[in-house]
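Below you'll find the structures, each written out as structure tokens.
One chain, chain A, links the two complexes that follow: it is found with chain B in the first and with chain C in the second.
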Partner chain A sequence: MSFQKEGFVPNPVLAGLIGICPLVVAAKSLAEGAAYGLGAALCAFLLGLLIPPARVFLPDRLQAPASLALSAALALIYGFCLEMYSSALAARLWIYLPLLAVSGLSLVALRLSSSASRSGPDGQSRLAVIAMQAAWFLVTSTCVGAARELLGLGTLTIPTTGPSLSRIAVADIAPLRILVTPAGGFILLGFLVALYRVTLRASGRKGL
Partner chain B sequence: MTANRRENLVENLAVAASVGVLVLLVAALSLVARAGTTVQEGSSLAVSCSGSSPQLVLEVDDPAFERIFSLRKDSDNLYGTVVSLRGNGASALVGAFYSPQGELRELHILDSFGDRLSGDERELASRFPDTERVLAHAAESIRGAARKGE
Partner chain C sequence: MSYLGIVLTSIFASNALLTYGFGSIPEFERRSSASFASALALACVNIVASALLWLIHSLVLAPLGLASLDILFFALIAVPLIKFIARVAQQGSIKQGSLLFKLGERSDDIAVGSLVYGIALLSARSGYSFPEALAASAAAGLGYWLSQFLLEAVRERLELSDLPAPFRGAPAMLLSAGLMALAFMGVDAVLVKNLVGA
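And then the complex of A and B:
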């Protein structure tokens, strides 16, 4: 992904198709999309924050394994925190919580923060780029989850604490049930990618 | 030992110690999370079956359920567990309650996604292929726990 000179950071999901496979499986509802997106965003941001200072103490040959160990620890810590907040939400996200350790966004954060310089060739701070990408990922994941649940089941699940999640019934019928399946997630994401590219082209920007 | 090898050894030990500290932190947090989940599961089971004083009696190594609680309901002893079912794009958390002999008494839907479920065993079995195996394993575990408790 290239970053233009005016500081524009493209959406990592819609422009770079980063981390879309676990996203379309995990983000089936508003609550799951928000929880998964928050986990991926927090892990990526903390990796971007912690790895550059750790590079000072770590020898080159141990930087990659130590970074992956840190990524795994952050994903596990987020999983435990989510389990304490809502066991139902943690049960729904299931294996995708520990898999946050190797999500596309975390790997991009690892790559960006493994560079010796604090800013990229365009002068943008690498941490700022990671933070922007993390924020984009959180917003996209939440919106994709909400849209799939709303159009697929006619409900919206609120990420409340406790053993069960609150649900708002918007419609009595399930209008487009296919959207809550992984195939439906890819279909919706395809439309969003097309819309994003048309919007970027109209504004004269390049996403990739 | 050459100076280079000694330096490598010190570096390796320092990184191993840092990773060890990280592992201890994660392990400590996992214990806190498990304790919190145990309390949350016990209270949700008690609320769903209008029972009282849930007590953890057994931890089970099954992907669908982890803990078995004993409860009191109308002067009866009940055993309950929270079962996680998934399949065909849907998932459900079900509170399953058994007699000490392992007979299934009640099923309560605690949380579900994809389908509006009533808590009927046949309906669950038709939606989630793993239902029969999970409920049978829970019954077997409860019989074992009840025998131990006698």
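And then the complex of A and C:
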């Protein structure tokens, strides 16, 4: 039996390289990684949930622009919610909040949910696949953010409410300060993708 | 900052791919982004998208205090318009292989994505005047093309190299992108300002 039939959905970031470039810049700390990952995951899941019923009463020509507008509206709402929860975190994510509308994960969700059938060729529900990918993305984004902050600055930023973020000092030294720059993000993700491949190969599974 | 400073900053110090993470690196796309048609399409689409977003943002939404709604207007107006222009270019071209056809085809592909929207958003929110925003967006498109062109050249070399199996393909490209981002970081905004003297 293949792992696809067992319900195994590979990590969309490390295997499918989905949304990896904005992630490199947006997820610089634990709080930013978690907030960006949560936004992307929520947008993708809600797109998967809302688009199939909306397709019933929308003419074919309007489906693509309406789906994109829905994605933009979801990103906007998430941005407003994050602004209310923590204005400091929203400010740090800056233009990456509205860009959630066109993130790689949202575009994959748009493509999957705009298909006529509710299940893919392997029999898995498209919504379940989107949900699994969204969950993977959230976990990966949070872990990447935490790793970069921990190794780069020696701290961990907790997503707290209010105008400022609380930062916990974990280590006195910051061994790899480059990791909090986009260049360091690309390099770290390069190693993570290679490590993920080794892990998949060791467990006998295949990527996307 | 002078126009030359804006152009140099948008190409190097604020590179769309290596500094802001817009778009994707060559390994992830089936179609090569390093061709002349791609460079032209990127510049054209970015100019149209940035012009529309700047006008909507600065003349309509910002005076009403609704600047954060620009994403909705971009999705509803700019993307359909770019796609319409791309289709017209494809249908108006004499033959399938012509530059106009390739331009339309490539523009249609890149209309929806973080690259075009991200560059348009940066141009609109950076406090540039209208001509400065157009120059910055065209230069950002060219900066993206330059990084794609260089990474494509690196990829060709890497394909001939004897890399360990887990590093072949995307990991090697991500490491190369990281090293290239480091090189681009060297040309920062202050250096550009000192070079062009404004």
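Following the convention adopted for this analysis, the second predicted complex is superposed on the first by the 205 of 208 C-alpha atoms of A that agree within 3 Å, B and C clash if a C-alpha of one lies under 4 Å from a C-alpha of the other, contacts with A are read in each partner's own complex, and residues count from 1 in each chain.
We adopt the following convention: contacts are C-beta pairs under 8 Å (C-beta built on N, C-alpha and C of every residue); 3 or more make two chains touch, one makes a residue touch a chain.
Being a predicted model, the structure only gives us computed values, none of them experimental.
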Q | chain A as common anchor, with chain B and chain C clashing or fitting | A | fit
(Q) Looking at A:76, would you say it contacts chain B, chain C, both, or neither? Reply first, second, both or neither. (A) both
Q: Return first, second, both or neither, reflecting whether A:91 touches chain B, chain C, both chains, or no partner chain.
A: first
Q.
Under the stated touch criterion, which partner chain does A:165 make contact with: chain B (first), chain C (second), both, or neither?
A. first
Q.
Looking at A:181 after the superposition, I want to know if it touches chain B, chain C, both of them or none. Which is it: first, second, both, neither?
A. both
Q. If you stack the two complexes on chain A, which partner ends up touching A:101: first (chain B), second (chain C), both, or neither?
A. second
Q.
Which partner chains sit in contact with A:68 here, chain B, chain C, both or neither? Use first/second/both/neither.
A. second
(Q) Contacts for A:50 in the overlay, against chain B (first) and chain C (second): which applies, first, second, both or neither? (A) neither
Q) Looking at chain A, does chain C or chain B touch more of its residues? A) C
Q. Vertex at chain A, arms to chain B and chain C: angle between C-alpha centres to the nearest 10°?
A. 70
Q.
In the superposition on the shared chain, how near does any CA atom of chain B get to one of chain C? Answer in angstrom.
A. 6
Q: Please write out, lowest number first, the residues of chain A touched by both chain B and chain C across the two complexes.
A: 69, 73, 76, 80, 181
Q) What part of chain B is in contact with chain A in the complex they form? A) 11-12, 14-15, 18-19, 22-23, 25-26, 29-30, 32-33, 36-37, 40-41, 43-44, 82, 84, 86, 89, 91, 93, 110-111, 113-114
Q: Spell out the part of chain A that touches chain B in their complex, as residue ranges.
A: 28-29, 57-59, 62, 66, 69-70, 73, 76-77, 80-81, 83-84, 87-88, 91-92, 94, 153, 157, 162-165, 180-181
Q) Which positions of chain C touch chain A when the two form their complex? A) 17-25, 27-28, 68-72, 74-76, 79-80, 112-114, 117-118, 121-122, 125, 165-167, 170-175, 177-179, 181-182, 185
(Q) Residue numbers of chain A touching chain C in their complex, please. (A) 17, 20-26, 65, 68-69, 71-73, 75-76, 79-80, 95, 98-99, 101-104, 107, 178, 181-187, 189-191, 193-195, 197-198, 201
